[in-house]
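Given below, in the form of structure tokens, are the structures.
Note that subunit A is present in both complexes that follow, paired respectively with subunit B and with subunit C.
Moving on to the complex of A and B:
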């Protein structure tokens, strides 16, 4: 057995043991309070789900794409192997029950101009390693077109000094699917991770983003929207750790829930001891379109440094009756007035996407989802 | 144009209007004056169709049609416009987008052809100029961060753009300094037309120096207690509401 094969076997065995010992996360575990996985899917279904498959229509110039199941793994992938991920039980599941995985690399100083599209075409577990070397940049657009029973992906991301990754994740509505994702990213000096997550709901959908701002000037900019209908669910959980001083993070999430849907935002900011001049802002807002819809927002701050700026805001409400009347009194029909107000509610979060074409794509998905979210029940 | 007969309106089970009767002919400008709590704003909201105002008795006919059964947007399309005392701030919707959406919604409801973006821009700019509404305000989110005077000017700008048949101005003078008041009054006077009626609701006589009404009605405790020509406003100013109410009792 080669050393690589041994490494893999060892890693999978350990992850499998850890998963077996801890079992599926459930509502009595604080981070999973609003997303009870144990109640939604059986452990056997999880262990038997196999590996995901991606369709990668085009590899833009400057990007290296690697299948991690092959016998030889280059040094850059070996160097980061297993070092970036956290201790989450679903990360263990992804390692234990998938084979291979996908690795992306942008070499030092390379700006990849075209976005790289990753379309999920078969469910299961998946592992994605992304390495952007010093000064590199990439836009990654991830969509899940299929409505598989289970998708569980863990992302290990290393951003070198001055590297910029834009990660756009669009999850179409899939009422019967269970979707879990865990992003672990480490940002070196002046690196930037821009994440935009649009979730249109599934039976259970949860993306956990763990970012470590490890060097001065590192910046995390997270934004996203959820538009939910029926009995669907979407949970965005973030943990941004300001490990170094002079780091910045902003978060802007807007959640709309109709029917009996449930939207969740949990955002924890940790400012480590000595990480002075850290600046963090988080805003999460929920809009309820139905009496039986639910939105849970939970911002948390853990600050161990003295000289920091941390702002957070969270608010949940219905469509404003006064605004609705005002618009209607100007001749705008009720339905159109409601749409106008919902669009206005979502607009600033979607405006965080820099690329106009991608922004328009998210808007189209939002329009389609709103038709269902507005319809009772 | 407008025929209100014995109107009784309750809000949250409490009767606010208690038998109000009022009629306005085409081309006329009427003023309703009254102390706080007399039912002035209730009347304006009932005419615009706001929810939560229960008509327990009486009728409101607008151009011969029963106004009370129409949705607010239907009333607007039919030419009823309420300039509100407290215009609502709507973040995320620019003023220009709002004006275009509203104008075309009204036109669509009347079976008229929609006006394209260029046409709306031209129309709005022309009307905005007369009211001293800067272009920059039109690009901002509707009423967000506008001063009291700017909000009121924008209400009158809407009237100028929508060209309603019946314009109800609810305390349009509140919060305005004298220059802003003159400007707004000019805008209102420019809207006077033989086929348009106006109902000016105000607490103070001051506005009526600039918008001279054909008739003045004094509202007290949900009823019109006195009516007269424009000189009634001056009498009110001189003698005060309390005296007039005492006389009428």
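Moving on to the complex of A and C:
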């Protein structure tokens, strides 16, 4: 299969050129206004980072896992590989500087019962292709390790009609790491993408989710929490495109920033012309705990159809003084009262995760992270 | 008194009759014009400065701006599309010729100009007393008449064309000009700094509450002339002033550029209320013609406990690019922005505000209502920024969009940045269309669809319309109806 090898080499060369021409994104580029990668990491460190490595402890029944560095790849992978990606610089970097990749497929009508765990064991660039055929479903749990300096992963996801993917990312605190993830997904009729994350801070982390709701009934549900301390920086960027009518999207993000940390949310909803009866909701809230912490929110609506329901809400503040007083007046010590209120702040975003065991794990991690976030710089 | 009443009645009839027209201000007054040579160069700048008999420092200021402007690039981040403007293919100075010798009273004013204003419904004569409005009418570039000067003089308020202020109150102008919108601020503001031909200057002394609402009427008349006014309003400690700005422009096929700069300075305890009804020619049903309205407006709450409030009703212009902003520098200062932006046919509006919280206990409030019909694109773009020292800053933002028709667009781009944990920012936005049941309810009671839409839209805008001074509120409500003509049925 020399032709495949050549195609790959060609694709990588093109992406490499594009990366070299554009360079690392920085704050002068509108999409990266709040997250300056150029100031955080050197371009050479990026191009020399190599490929990521995953540990995949168990492949549940019904799921097909494929290493894309092999010589021959099947038609379903070739049909989507490299075709769903966006135009981001970091996607170019992932394609140019990684070899191979991982492809997951759930065939038509198959519901994979157990969650599939992907644990990152070595940093670098990576590519992941996920194809869920008609009526298929999968829960994917990704856990990052704390020890990698750079992780940059490009995800391409195709969800067939009525397919459901639950995509969960857990990112433990890694104060020196730079983590970038770019998800591009297209959803066919009545497909559902549920993306959830818990980010406990890195030098700079950015999760960009670009979804296209292509068929009627398609639905996106995104939620996430970031609990940040020290000088960490977390950026959540989303772009949900309602390309077809009768589509729905909800977003719920809660950012907690202690110390000198910075939390960022940039979300754009586009409703295309004719995509009537689209329903989209976008909520982003920031809680500032640190005296020198910062939160930036940019919830954007871009609407070209008239029969739609679109709303967004955004708020930034400290813990509500009155609520705190109320609790303390009932004999609850300040420490505990604050804890209660922070839990209440985060609760609805974490509740979006369907699996109870996962929720409990995330809560434990939140509690550990809050100790740092609440501490002085 | 009886005669005055008769005149008013006749004018009211005329005004009502004109409401039925599509764009009632689309007429051209044929007056001989005195123009600067076409194009933009240092000579044009010198010409304008010389025409205005400006002091040397003003000329140097303009030239500095012009040199800077030559190195600048036109911004392209706004959601507006237009053919590239050829800055060399326009006149930068136009004044009615008969103005060479300044008139001493209203009687000396070219009757054609007075006729124009009459059609616009400006109460330039005795009705002004009843209306309590002093008008500094800018006809193209030169202020034609300033009334009620005596009464304002008594209070110590300076209200005059800025060209006059540069001559008579040079120190005051020099102290404040360009301190809110620096010469280098942005492409259009820098252009304006180089070539502004006239505008309004207001100074309200310490502790004075301006005895009347001040008002300026801008009007673009001559073909191919950009209008570059410059407005500077200074409210000294503890003073108050309410300023009304109205704009209408006659019908033209080519697009005309309007790049104004407005600077407001509120010192300790002062309050400025700035209201605009902008009704420049929006172009025809096919998007041909219309004004490019690229305006920089900014207020500086320089003193503690000062307040600046912007209210705007934007129904006109082919393209609007405008972000009236507040710098909340003084402690306990307040910034407000109330806006209605209506776009129909092929109009494009990219408008919003910036609230920059620098001082302690600063508060801001943003209420924005965008209405989009036909094939128009309407964008709210705003920034709320809380700096680290802005203890206990508060912001509340509400921006709602209403869509009428399937081919228009409504967009919201808010930036919210907080670097102080004791601050609180809230932002809400919704997008919807006129509910079928509301429309049905109205039509079922015999209200024609178009009137019903105007009624519902007026309800949608109510919170903003309430902020307008009474004289403007009535006109604004009518404008809402006129702007949306042809958007239903």
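Everything below uses one rule, namely that the second predicted complex is superposed on the first by the 375 of 377 C-alpha atoms of A that agree within 3 Å, B and C clash if a C-alpha of one lies under 4 Å from a C-alpha of the other, contacts with A are read in each partner's own complex, and residues count from 1 in each chain.
Assume a residue touches a chain if its C-beta (ideal position, glycine included) is under 8 Å from a C-beta of that chain, and two chains touch if they have at least 3 such contacts.
From a predicted model like this one, the values you see are computed outputs, not experimental measurements.
Annotation for subunit A, partner touching more residues between subunit B and subunit C: C.
Contact with subunit C, but none with subunit B, is seen for A:30 once the two complexes are overlaid on the shared chain. Of the two partner chains, subunit B is the only one that A:325 touches; subunit C does not reach it. Once chain A of one complex is fitted onto chain A of the other, the partner contacts of A:293 are limited to subunit C, with no touch recorded for subunit B. Contact with subunit C, but none with subunit B, is seen for A:309 once the two complexes are overlaid on the shared chain. With both structures placed on the common chain, the touch criterion links A:367 to neither subunit B nor subunit C.
The part of subunit C that touches subunit A in the complex is made up of residues 77, 386, 388, 401, 403-433. Residue ranges of subunit B in contact with subunit A, taken from their complex: 48-51, 71-73, 75-77, 82, 84, 87-88, 90-93, 98, 101-103, 105-106, 109, 141, 158, 162. Across the interface of their complex, subunit B is touched by residues 320-323, 325-334, 336-337, 340-341, 343-345, 347-348 of subunit A.
Remark: subunit A residues 30, 273-274, 276, 286, 288-318 touch subunit C in the complex.
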